[in-house]
């Protein structure tokens, strides 16, 4: 977006834990048809952060090294997650292993309540966040639109919150826009990143128009017929939504109002029969 | 969108009446705070077409000349409208006057059924379209999502249709997405431009994701706090929606599915108490 | 609904072409598992009107007589339709045949634009309505939410309009509530009956809450697992929606407000830590 | 609904903590224009349960006695709430005072996270529920659609859950139908009562059609122009929604399908020009 | 001598001279059906007067379920 | 001798004999405006030939913003 | 000799020695109200035994409308 | 003499005395994997000091794709 890019000063960068992130699109690295497509998608998305995980290594495969090389080559900030963790204890140990491997104290904290819905367990999440903050982590909790959980996460020391749009991988978009608006209103100064459930660029644009600070997604790009092209589409949609938020959207109206001036309409006032 | 722009060949240009239009955003020229802002917005939007009108001239003002100069300077294709016309006869005479003044046979045909809703009068619209096509016009009818009216307009010789999203100036977005999908499915090969009712870039992106060919809007840009920035936002959103349509959106799912691989999850299978 | 029934005077009956109809539920007679279930459903629905059709008779079957007997036995006003007619001429001849057979000048006028969508052909509809009114019919046109078509049908002499909720048999409910509200507002004194597309009692209740005068449906009852029970459910939902409309619905609010009084809350003002 | 009432055996009564409740509508007693209107509304609603509260008494007013008399006269089961409580400790003490005053161990447990949104504090809610169950209460927790909180409340010994539709007093209806469906699916055998946020009978009917067991509301009735009539409307809508759920709703379809038989359509196959 | 007409779309040979006779020959109760000829309604009372000619398109309908 | 006509809805006395003269008298550039007479378009090239008569309804329009 | 306690949030001087006496002094029917002391519920039967001390926080509540 | 421990959930016989030796025996680059023992993280620098005992639950993980 030339215009956008041409007003850098009017565009406050996104600051997360004091770090300026160059883009409001955070992208996952899983589910792509190939590592090359993943790398190309990350570039096309101009992603500000990429999310990664840790998994059990096997002597034969030794797959970790290759993947890490690939990621390093992207020159994008990495945020490991604790995906699949069911308890605070698992999430805490996983976060520590990830910090050592990836050399970053940023962590996308997932504590999943059950395997069907992959819904955040808000209770375990707050407990794990408290412990990890105490251990010096910069915690990015994957949470719901729940206001009180958000408050507790802030009190636990989370400076950024990541509420879902809808359950992971559903691509349903904003399942509860009303509650998400309340969350945004209620935490005007906390960076809020919509994480999970985004299925289309229009969903991401709508989130940004509501004033959310960024969007984190994976499946909608990785599972597109053309992931690279879709990554570029999300990049543009997120810039569009952010620009619209900054540019001030018109008010929705109930009744029609002409755009073309009414004054001087030809034939006005003549017998129209 | 770099990626997008880097695949020009994969992106069939928008052809309207055999003319390749360089952008899928058509922009109105009314309601801006100033002519300068309008001109800057048209540039920021990289609009493929701008809409204009004809209005009664007065000896003193003689405002037409100045406006026309400004528009000519934009080097963008012009499409005059018949806004405010209540009968086919008015619309026909207005279209002829516009063709002589603007030197184009393109016309955005509006026949408004009533002044409150500014809703298209489908009956007058088809009648006027038939007459104007016979007079050699390239007619772009502003219509509703009505399938049968669409069929009659096609039969009348309209090669492009412009269904509304919602009434003019309401900014409500797609009021009846289900019916708009049917229209798109029912006319797979007719260029369909969503005209009127778009209030936010996410609305425009959603329309493009549904496979509509372009979007025509005015109020949402002109009435934004920062019209130029908003124009750029719509440009990006429309590119995003079109790219997403071409890139193949993921299927929406009812149930969650993990993005991060499940295989190799640490602590899996251990006693989790 | 006892209370409702106990205020008969406060409940203006539904008057259609000067005839007081005892219920705001109009029910179709097709698609039921058996004639008996149909008859029981009509009774459970306490339907004010039942819709019927005319179809080609064969010497062998001679099925018309038996059906007509069954319907006569229900002691409910009958309204024949012109379902399946594609042109005004077909609809007009069909309406005449139906009037002779059923001995009523009421007709549900359908002129279908195409067989896939079964969408009303507004052009043929207005033409046929004009002719049938001239022939002394009481025309109930099956139309869309289009305001201008509604105006033309009124001018053609239709004293009642029947806009769709969604295409026939889809059960999608109110596809365009915004446009339906406009229609209701725009024709405050014309009886408006929502016809087609209703899938659940909550859809019917919502239509009545918006101030529509009645609901006509068929598939949602006939295709229910238990049509008789579903008929009773729709009856109750339509009474509920109408009562709610008359009783004055609360305003929707953006922000929460306590129902239980705040004054006198125990422990108020004490240190809550 | 005669039909409904005529199949008592086919209608499993609502059993809450082993008690058969005669109606699926639970009604609040606050915000009515007068005690008489409240009493009449409870009767018109045929409410199965009414909710009440405890508030600070003053020597002069001594208003408690009169209110309690009125409620006793209604012969409806009473459920006191802990409205306004901000901490588990307040809620626990309030529940005990209510049990002593109203002579029931049923309690609608509210632990409110903040005064603006009146949103349940899921953390305090679970803690208070655990304590109250241990003290022998039958706890009806006012909660959100959160699955994990629901699981913890069940584990705490709550045999009934009361998820919100939307924040208290907003009348917005089902803010997140998708999540509410998941909750219903996930707890097929737990009585689930939709509590708060219902604004219109159609909202209540929709909740019942989704398979929820009952609806608890207050503002939508008390703040109606005619609360008594609105109470009757909600009663009918809830019966309608429940009957529809039991009767098996049709499947929503994307494409139209005729209700009137196609076979034997007059003029079929003739030249239709 | 027989005529070929179309009854409800089916080609039919008939000796009936009038629409009334045709209806009778099919064994339909006079009041049980309604008729159209070549796309236009023919009232019961007019069937007797309406003589058939070759290739006439006859519609004979009766009451049926409807939505 | 003067005629009364309506120009853009306003009653106007004019000595112009033709539509072309009327446009000129108003000081409009010939190519800067388009015209209609009594509801029908009159091309620029036809204005000279079109004589005015009493109560003619003349529309004179120029380019303007549109949506 | 008088004690200062808080009754429903209001500072109050009372000569009541017990919670039961306080309730009585306020003229409340014993069974018409429920009580809490310093945030904890005090059953009716325990009010007599519960002696008041300075700055006690007393809650005295009765039935009221609720949602 | 060999110990039975669980490595990433799999029962394994090993002669390694410490977590560091175990990682080495599996052929993992020391810095290429992270480890946990019985549910708690063990930093790279602490693996040498951490002696294995029977039935220890060892997790050995490396970088992978994530959402």
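We call the chains A, B, C, D, E, F, G and H, going by the order they appear; numbering starts again at 1 in every chain.
Basically, a contact is a pair of C-beta atoms (placed from the backbone, for glycine too) under 8 Å apart; a residue touches a chain by one contact, two chains touch by 3 or more.
All figures in this text were calculated on a predicted structure; none of them were measured in a lab.
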item	value
Neighbouring chains common to subunit C and subunit G, by label	D
Most widely separated chain from subunit A, with each centre as the mean of CA atoms	E
Which of D-E and C-E has more C-beta pairs touching across its chains	C-E
Mean-CA-position distance for subunit B and subunit A (Å)	29
Centroid distance [mean C-alpha coordinates] between subunit H and subunit D, Å	54
Averaged-CA centre spacing for the pair subunit G and subunit D, given as whole angstrom	34
Overlap residues in subunit C, where contacts from two or more other chains coincide	28, 30-31, 53-57, 81, 83, 90, 93-94, 97, 116-117, 119, 168, 172, 218-219, 258-261, 264, 266-268
Sites on subunit E at which at least two other chains make contact	8-9, 36, 39, 59, 61, 64-67
Chains touching one another, given as label pairs in label order	A-B, A-D, A-F, A-H, B-C, B-F, B-H, C-D, C-E, C-G, D-E, D-G
Subunit C-touching residues of subunit D, taken from the complex the two chains share	1-4, 7, 10, 28, 30-31, 44, 53-57, 81, 83-87, 90, 93-94, 97, 116-119, 167-172, 199-203, 205-206, 209, 218-220, 222-237, 239-241, 243-244, 246-268, 272
In the complex, subunit B residues that touch subunit H	258-261, 264, 266-270
Subunit C partner contacts - residues on subunit G that touch it in the complex	8-9, 36, 39, 57, 59, 61, 64-67
Footprint of subunit B on subunit F - complex, ascending	8-9, 26-29, 32-36, 39-41, 43-44, 59-67
Subunit A residues within the subunit D interface of the complex	113-114, 116-117, 119-123, 126, 144, 146-149, 151-152, 166, 172, 175-176, 178-179, 182, 186
